[in-house]
Every structure is written in C-alpha cells, then in structure tokens.
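Each structure below appears as structure tokens.
One chain, subunit A, links the two complexes that follow: it is found with subunit B in the first and with subunit C in the second.
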Partner chain A sequence: MLKPKIISEILNQVLSSSINTALLFSQEGSLLSYATNKCNNIGSPILVSLRDPSEPSKMIAAISSNVWSVYKNNCSFWFEQNQDDYLNMIFLDCEEGKVIISQAGKLLIALVGNNETEIGLLKMKMNTLVKYFNNSLQYVGDSSDN
Partner chain B sequence: MGKSGSGKTSMRSIIFANYIARDTRRLGATIDVEHSHVRFLGNLVLNLWDCGGQEAFMENYIASQRNHIFRDVEVMIYVFDVESREFDKDMHYYQSCLEAILQNSKDAKIFCLIHKMDLVQEEQRELIFKEREIELKQRSLPLEITCFKTSIWDETLYMAWSSIIYSLIPNVRMLENSLQNFCSICEADEVVLFERATFLVISHSTKKPHHDIHRFEKISNIIKQFKLSCSKSQTLFQSMEVKNSNFTAFIDVLTPNTYIMVIMSDPTIQSAATAININVARKHFEKIEKMASFR
Partner chain C sequence: MEIQKEFDSIISKTQGLQAIIVSDKDGVILIQSTNPAFTLDSIDSSLATSFAVACDQIGKIGLSKNKSITTFYKYHQIIQFNYHPLIITFIADKNSNTGYLLNIGAEFENQLSTIANSIINSE
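Up next, the complex of A and B:
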C-alpha cells in the first residue's frame, strides 16, 4: 500500500535549488505523489497561474509516462535480444529544463531540474530513489490484475 | 414476525429486493410463510422467513406448526406497528412467540422493530419509543432483546437492519481490524464497508468524527437509488469518485460481495494513489472473505 504523504517526504529530499520537482506516477500517467519547491517555476507562466498546485506535476506525469511508454513499446525489439539490456532511464533536455524518467517497481519516477542542473547529478539522485523504491513498490501499481 | 399489516413484507422488499418505499403500496397480504434466500457476503445465505401476520396464521404458527417454524432460528425479528390499537393483543402474540423460541431455539437473537415511526410526530418519537422499549424488555424476560425504531421512509430502516446483519457476520472483528489498518495507512478520514446486494453497512472505521450520525444510512439509500437508475439505462454501477473543495469520496467494488467507501479530506493526496491503495487492499479483503467461508 502507498502512504502518499511519506512518499512525498522522501521525494522532497532529492529537491535542491536546481531540481525543483520530483514525482511518482503510474504507467498510465496518473500522478500518485509529488514534491516540489515552494519557489517552483517550471517555466511556462501558464502552469504557474493554475489554481490547483498539483496541476503542473500532473501534466509532467502525463507527458513523461507517454514518452516512457512510446520508447518502451517501440524499443522492445532491441531489448528482447539482450535480456540485460533494457530501457531503464530517459533523459529529456528541454528548452526550459531537464527531465529524467525511470522505473521503480511498476511505477515511474521523474525528476525535473532547471537548465543549470547537471545530468550526472540527476542520474545519481534518480538511481538512489529507484533503489529505495524498487523493493517497497514491487507489488504496487499492477493495473493488469484489475 | 408481527401483526398483519405492520410492514414486514414492505421492509423485506426494500432491503432485499430493491423496492423503493413508494412501491410497497402494491404489496398484498402475505399468505402463510414466504421463504426467501438472500446470498449475503457471498457464502453467507440468509434464509428469511416472512411470516404472514393475520391472526389465523399466527395461531397456526404457535400451535400446529410450532416446531417447524421455531426450530433452528438464528434471529427473530418482530415488527410492531407503532399505531396499533390492540397493544395487548400484539403483546400476547409476541409473548407466545417468545415462549416458542425459548423452547425450540433458545440461542436465537431477538430484535424488535417499532415500525411506522413516521406516523408519530417528530417530538414524540423518542418518548414513545423509550416507553415501548422498556415495556418490551420487561415482557421479554428472561430473553435479551434489542429494539429499534424504524420507518420505511427514512434511513432508520437501514440502521436497524445493518445492526441485525452485523450481529450475524462470523469474523466481523477481523474485518474491522483490517478496515482500521486500511484507514490509517491511506490516511483516510473514514472508511465504510457496504454489503454489495443490499448496500447495508457492514463495518466502518472513522478517524475524524462527523456530526451526522445517520450518514451511512443516507448514503446506502442514495447509492441504492443510483444503482436503480443505472440499471434503467442498462448499465451497471461499478464505482464513483465525488470531489469537492472539502473532501473526496471514493465508492468502489472491494470484493465480489462488498463495496468500500473511502473519504479523504487531505487535498495533497492524489486520488490515483487512493485508487491504487483500494486496488491493493482488494486482495487482502478477498482472503478474509474466503477464510470466513471455509469455516
């Protein structure tokens, strides 16, 4: 089972001045938990003006999960040939920031940093998060047994 | 059991056959005993014996059919019409029934429903009910009884039946503990478990007190109506999520025999997370249900 508040606290620990959002979401793209800096300015002014504070995170979750599934579905041909080699991380270098997506258990995690963030730092933080969540989220979020 | 026209069949139809209160006017008098089997919580089968209340039948039950009617009784529900003019006569039959119960199945639980409370003025209801309750308790000695005031026009009927059902569920403690755990893990304000077919409350766990003590029965009533209107448009009710600025309510199928309602008031908790939690809990509750059926 998920304790959304505690997950949010854990996610909060990876935030820094240059990494402003961390989120956990399902493969279908629905946001489960997130942490974000108070001075959050993901970039586009449209996002900031929205009333629901979780709205920007929801959008990132939706877009990221879509990107993830596109790669996952279309790359399966390569991955099947070599069992050790599978999609485990995606970096997106966007105009107004950097995004990293990875899988933990059956759920996805994304970190969003601004342009000053180094990709190596994002990757290290992500690895730690994934390692932490991998055990605990093993059984959660399997939508196929619905 | 109860006197003719006191509302036994109406009650049964509303709770177990999806009638709405208005429809019960179409019901005629019950002839002899109507048996019905209600599958409740899957493997629990409720054998309801709706005994016609006309005097001829009553005499019959007490005299010639005594063993047949009163043997192996788990629960006797006796319905009193609050407006009845022949109080002494009612009492006479009631006590005869008690006597028969005492002889044939002395471990039976006994519930008395003071029915048609809607006919009494609002201020007097509590007073009259208390009066009757004391009287009934006194006359039922040495048997312990439980009294409820009911009316088919409001939620009191559901409340009474929920408590009756509650006393019949075998491993209710375990269910309750699991529900308590579930409630604290997903940080919900309140979790309520409903039976699927009847939408009676089985158990609940409350973290934040709520001022309306009749809320469960109201919800049972509302959802049942909603289910009916779903079936009119030829779909089946599966689940719903209601959200406003103060809280989010989830109503979803939990096991093949139960529905769960989860109330969350923390806006920072995403609804998808709660949905996943319900999904995960499903397996656990199904296991409990299976265990119950093995016994």
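Up next, the complex of A and C:
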C-alpha cells in the first residue's frame, strides 16, 4: 500500500538550499506526491497567487511527463542499431533553474533546483532516489506501459 | 567554412563525441559534422522537432526560457542547445564528459549569432 505522507518525507530528504522541489508523478503526468522547501522560487507570479500550493508542482509534473514521453518514444528511431537503448534521465537547463527527470519503476521523479545547483549533484541525488524507489514502485502505475 | 573545420576538430579531439548538428526548429540541417564511424542515417528531423516542442513547453514551467536539454540513454547522450532560431545537437557516447560538452556548446552562441540574426531578419 502506498503511503503518500511517507513518500513525501523521503522526497523531502533530497531538498537543500539549492534544490527546492522534488516530485513523484505518473507517466501520464498526474502528481502522486511532492515536497518543496521554503526557498521555493518556482512558479510564475500567476501560479503563486493561486491558493493551491501544489499548483506549480502539478504543472511541472504534467510538462515533465510530456517531455519524457517525447524523448522516450523517439529513441528507437534514432538509435536503431542499438535496439535495447532506453532513456535513463533528462536534464533541463533553464535561465532561472535546472530540472532533472528520471524513471523509478513505472513512475517518474523530478527534482527542481535553482541556478546554483550543479548537474552532478542533481544526478547523484536522482540516482539515489531512483535506486530507493525502484523496487517498491515497480508494480505501481500503468501496467500497459511496459 | 571556418565553423565546419572547427566542428571537425572538436569531434576529433573530444572523446566519445559522435556528431554535431546545427539545424533549425524544423530539422533542416545547416551544418553537420560526424565521426567517420558514426552514421546519421537514422537521425531525422524528429530529433530537432522533438526539442522544439519540448523547449516550448518547458518555457511554461516557470523557470524562464530553456537553454538546453540533455538526455541520457543507455548507450548515448544527446545534448541540444536552444539558440533561437537555431538548434545545436551533440550526440555522444554515454561515457563522454557531459560538463565539457555543455561548456563547448555554450561557447558556440556567439559564433552562430551571425547566422541566427540573418535568419531572424529574413523571416
């Protein structure tokens, strides 16, 4: 049985002054659990003004899952000489922050950091989270996907 | 062409780097350079159009404009830079140095700005 509160606590452990949001969401883009800290700087002014504090996280989950599916589905066309090539991780570098997305079981995890965070740290934290979640989440999510 | 020579020399000097492609958002290739052992046959315009779509959406996350997307596959990594209206794509082995590739990609912005500006002006 999934316990969202505990998942949120685990996600909370990867947060730092430079990594301000951690999300767990399905491949269809629906948010399962998230953790944010006080240094949160994400979300456009319109979103921050909304009452629902999970609104920016929901949007990141929706967009990240879409980006993930675009790169995952095209992989077999681009690298047809390596048929077993598969997508491991996506790193997005934006002007005001950095995002890293990876897959744990059948679900996706995303970490959002500000510009001070480095790609190596994001990758390491993501690998640790994926390793931790991989076993427990392999039966959760859409069964038709794999 | 100066830039073509520079691309060729970067590919020969950088371990694991297989291809550098400069294209527009529709996937029309302007400049490309590949490692002789690597074939670009299967790389079509979908690589650039996927990036253009993803870039557009990432702009709505709330972290301002997207600068680059790095995708790590089991055997490869693809780094794509958004120098509107141009897209630079690096295709490399999974073990090549991502930080180094991100740095050299960032250095191309000035060099390609002349081409980018002339495309913008002609639109």
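Heads up, the rule we're going with is that the second predicted complex is superposed on the first by the 134 of 146 C-alpha atoms of A that agree within 3 Å, B and C clash if a C-alpha of one lies under 4 Å from a C-alpha of the other, contacts with A are read in each partner's own complex, and residues count from 1 in each chain.
As a convention for this text, a contact is a pair of C-beta atoms (placed from the backbone, for glycine too) under 8 Å apart; a residue touches a chain by one contact, two chains touch by 3 or more.
Fair warning: this is a prediction, and the values are worked out from it, not measured in the lab.
Taken together in the superposed arrangement on subunit A, subunit B and subunit C fit without clashing.
Of the two partner chains placed by the overlay, neither subunit B nor subunit C lies in contact with A:121. Of the two partner chains placed by superposition, only subunit C is touched by A:112; subunit B is not. When both complexes are overlaid on chain A, the residue A:30 reaches subunit B alone and has no touch with subunit C.
In the superposition on chain A, A:4 makes contact with subunit B only, not with subunit C. Between subunit B and subunit C, C contacts the larger number of subunit A residues. In the superposition on chain A, A:90 makes contact with subunit C only, not with subunit B. Vertex at subunit A: the C-alpha centres of subunit B and subunit C lie 140° apart in angle, rounded to steps of 10. Nearest C-alpha atoms belonging to subunit B and subunit C sit 20 Å apart in the superposition, given in whole angstrom. Partner subunit C is touched in their complex by these residues of subunit A: 42-44, 47, 56, 59-60, 63, 66-67, 70-71, 74-75, 77-82, 84-99, 112, 119-120. Those residues of subunit A lying in contact with subunit B across their complex are 1-5, 8, 25-26, 30-34, 54, 139-141, 143, 146. In the complex of the two chains, the subunit B residues touching subunit A come out as 182, 185-187, 266, 268-270, 272-277, 279-281. Per the touch definition, subunit C reaches subunit A in the complex via residues 39, 42-44, 46-47, 50, 53-54, 57-58, 60-76, 78, 98-99, 102.
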